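Both of the next two complexes hold chain A, though its partner changes from chain B to chain C.
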Partner chain A sequence: MRARVDAMKSSRPPRTRTADPTPPPNFWRRGNYLPYIAFGSCGLLLFAVGFGLLRLVWTLGSGDPAAWNAIFESYGHPLYLAFHAFALVALTWFTFRFFRLFPKTQPPKLGPLPRPPDSVFLLGLGGAFFVATTLASLVLGGALP
Partner chain B sequence: MLKLEPIVWPLFGLGMLVGGLLYPAFLLVATLAQPLGVLSADALSFERAHALASHPIGRVVLAAAIAFPLWAGAHHVRHLSIDLGGIARDAWFGALCYAVALAGSVLAVMAVVRL
Partner chain C sequence: MSGRETKTFVVTRFDPDRDEAPRTQEYEVPVRGDWKVLDALNYIKDEVDPTLSHRWSCRMAVCGSCGMQVNGEPKLTCKTALREYGERVEVGPLANFPVVRDLVIEMDGFMERLSAVKPWILEAKGAAEVEGPHRQTPDELAAFKQYSMCINCMLCYAACPVVANEPDFLGPAALALGHRYNQDSRDHGASERHEVFRGEGGVFSCSYANECSEVCPKNVDPSKAIQQAKLLNVLDWAKGFVVPRGGK
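Here is the complex of A and B:
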């Protein structure tokens, strides 16, 4: 039988209450917090690109070539181009920051083997990124069937 | 929210990986190179795109490429809200983030089924 999460909680408020933990004002501008917050903010880009892709696939399913072509014509607008260029740079940075963090999330032993050095993870993930990006670009670009 | 963590965490990790591996190529080719006229007109024509997307592998890749990154996005946005605004509103804001990801995932499956 497992204990409840709040099993050790006091039945009444303690005599001295501490305030909820809150970060100091403008903490995100200091030290390494800025890239940390920028990394978290990339979640908004994942939402935007994910729903953008959903819109494209939904339009494909509707069977209307005119609507499909209209989306790509709208992508030619300078605002769309600027946003997509920003999203490309930001998500590439996000990906490589994730790759650098990934080895730190791994346990000391992977099955019977000790955890390999971080550089092995970085090489593997970087290689996967290169292969996936090249393959997807060639397929989408029409160079591969 | 704590009870959701074991479900959300693998979706979040997969979303970072799938989004990180596929989105740069998608953004580069479909949203930049195509509108700028770098590619041939046929590369992302409706007929070719439909043929690629409706292939069984294309359907799986597209469903994964839409759904998983939405969960990663939801988790990041939820934690960004905690970092910047405190934990007080996490109960409803976190639920909202995951509800958006869930709705998007359902729509993604529907989108690839109706291709």
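Here is the complex of A and C:
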């Protein structure tokens, strides 16, 4: 990757000829870039999973039991299984990273209220994650209608 | 020379009158065990090659002048011990900035971004005459003190992937400094700065790579400031629907 030639340029012309800006060499292998890029790339995964869910809802709305069953049969395909296993691991990592970053983004005061301690955010968000995962597991496992 | 170890310094050179593009030049430097990278650069300048250009001033990580890429990472050279590096040390100008000469970068773009966020206390009209001195509790000071530690060394700009790709981005130091004043209990200009923050290149251009906070030599944590500013910005925007601009 290259830095844009107009990165950090002034609105006024420079007093002497300048060399173009360059990014640090091999920047993407340094520091936190790889997790950062992976975190951002999970957006594409969420996009794909979201489309899968929309397809399900669309088929459900069409009221055709054969089409509904065909979708569930397609989920048994090895490629689908691999995709869902990968999505489960990636999105779990994404969620935990998100929950780790979220408390840092809260300002010391929100209007008149002081910022709650980090543990409150972590408990709240972790609790929501646990409840959502348990509910989904119960529904998919057939324990809940 | 006794007690000294020789290291090879690969230094980026650029003379706008002669060079089409930056090149590198190698120097053998007999370094002492307690030397910083800046000491070696000063040795080269004083003893080997007086044409080398680099910025420095305080030698104690306060002035923010001596930021450079050391082995590809943005560092304050006066604070970076040479013993952390091997036989070969690469020194270049800060990444993501136009280069004026050798290790000297063009700072005007940074200064423009800095002034865009109005990094000074904006008074409420008539407040100074009526209220007298501004008193502040330790808690009120703690809300912004960390962000006021910035020395404008620009290492965060050299580390930020958004700065490299989005020329209008105000950047970590400027946004963190704007947030610092928004958090200051003496300041009344938050709404004014939020307008700048939500404009082109404002806080929402930041994608939270967090590299700025990783390289900050003063632990300012600009990425934290920017994420907090995002939330406060949204609240300020929402407030605009119920309270007229300028209202409290």
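Following the convention adopted for this analysis, the second predicted complex is superposed on the first by the 117 of 145 C-alpha atoms of A that agree within 3 Å, B and C clash if a C-alpha of one lies under 4 Å from a C-alpha of the other, contacts with A are read in each partner's own complex, and residues count from 1 in each chain.
The criterion applied here is as follows: contacts are C-beta pairs under 8 Å (C-beta built on N, C-alpha and C of every residue); 3 or more make two chains touch, one makes a residue touch a chain.
This is a predicted model, so every value here is computed, not measured.
With both structures placed on the common chain, the touch criterion links A:Asn69 to chain B but leaves chain C unconnected. Shared-chain residue A:Trp58: touches chain B; no touch with chain C.
By the touch criterion defined above, A:Lys109 lies against chain C but remains apart from chain B after alignment on the C-alpha atoms of chain A. When the shared chain is aligned, chain B and chain C each come close enough to touch A:Pro23.
Of the two partner chains placed around the shared chain by superposition, chain B and chain C are both touched by A:Gly40. Look at A:Ala3: by the touch rule set out above, it reaches chain C but stays clear of chain B. Contacts of A:Pro78 after superposition: neither chain B nor chain C is touched. Annotation for chain A, partner touching more residues between chain B and chain C: B. Shared contact residues of chain A with chain B and chain C: 20-23, 40.
Chain A meets chain C in the complex at residues 1, 3-4, 6-12, 14, 16-27, 30-33, 36, 40, 101, 104-111.
Those residues of chain B lying in contact with chain A across their complex are 2, 15-17, 19-36, 39-40, 42-44, 46-50, 52-54, 62, 65-67, 69-70, 72-77, 79-80, 83-84, 86-88, 100, 104, 107-108, 111-112, 114-115. Only residues 5, 20-23, 28, 37, 39-47, 49-54, 56-58, 60-61, 65, 68-69, 72-73, 75-76, 80-81, 84-85, 87-88, 91-92, 94-95, 98-99, 128-129, 132-137, 139-142 of chain A touch chain B when the two sit together in their complex. Taken together, the chain C residues at the contact with chain A in this complex read 14, 16, 19, 21-22, 69, 72-74, 95-101, 106, 108-112, 142-143, 157-159, 161, 163-167, 171, 183, 207-211, 214-215, 224, 227-232, 235.
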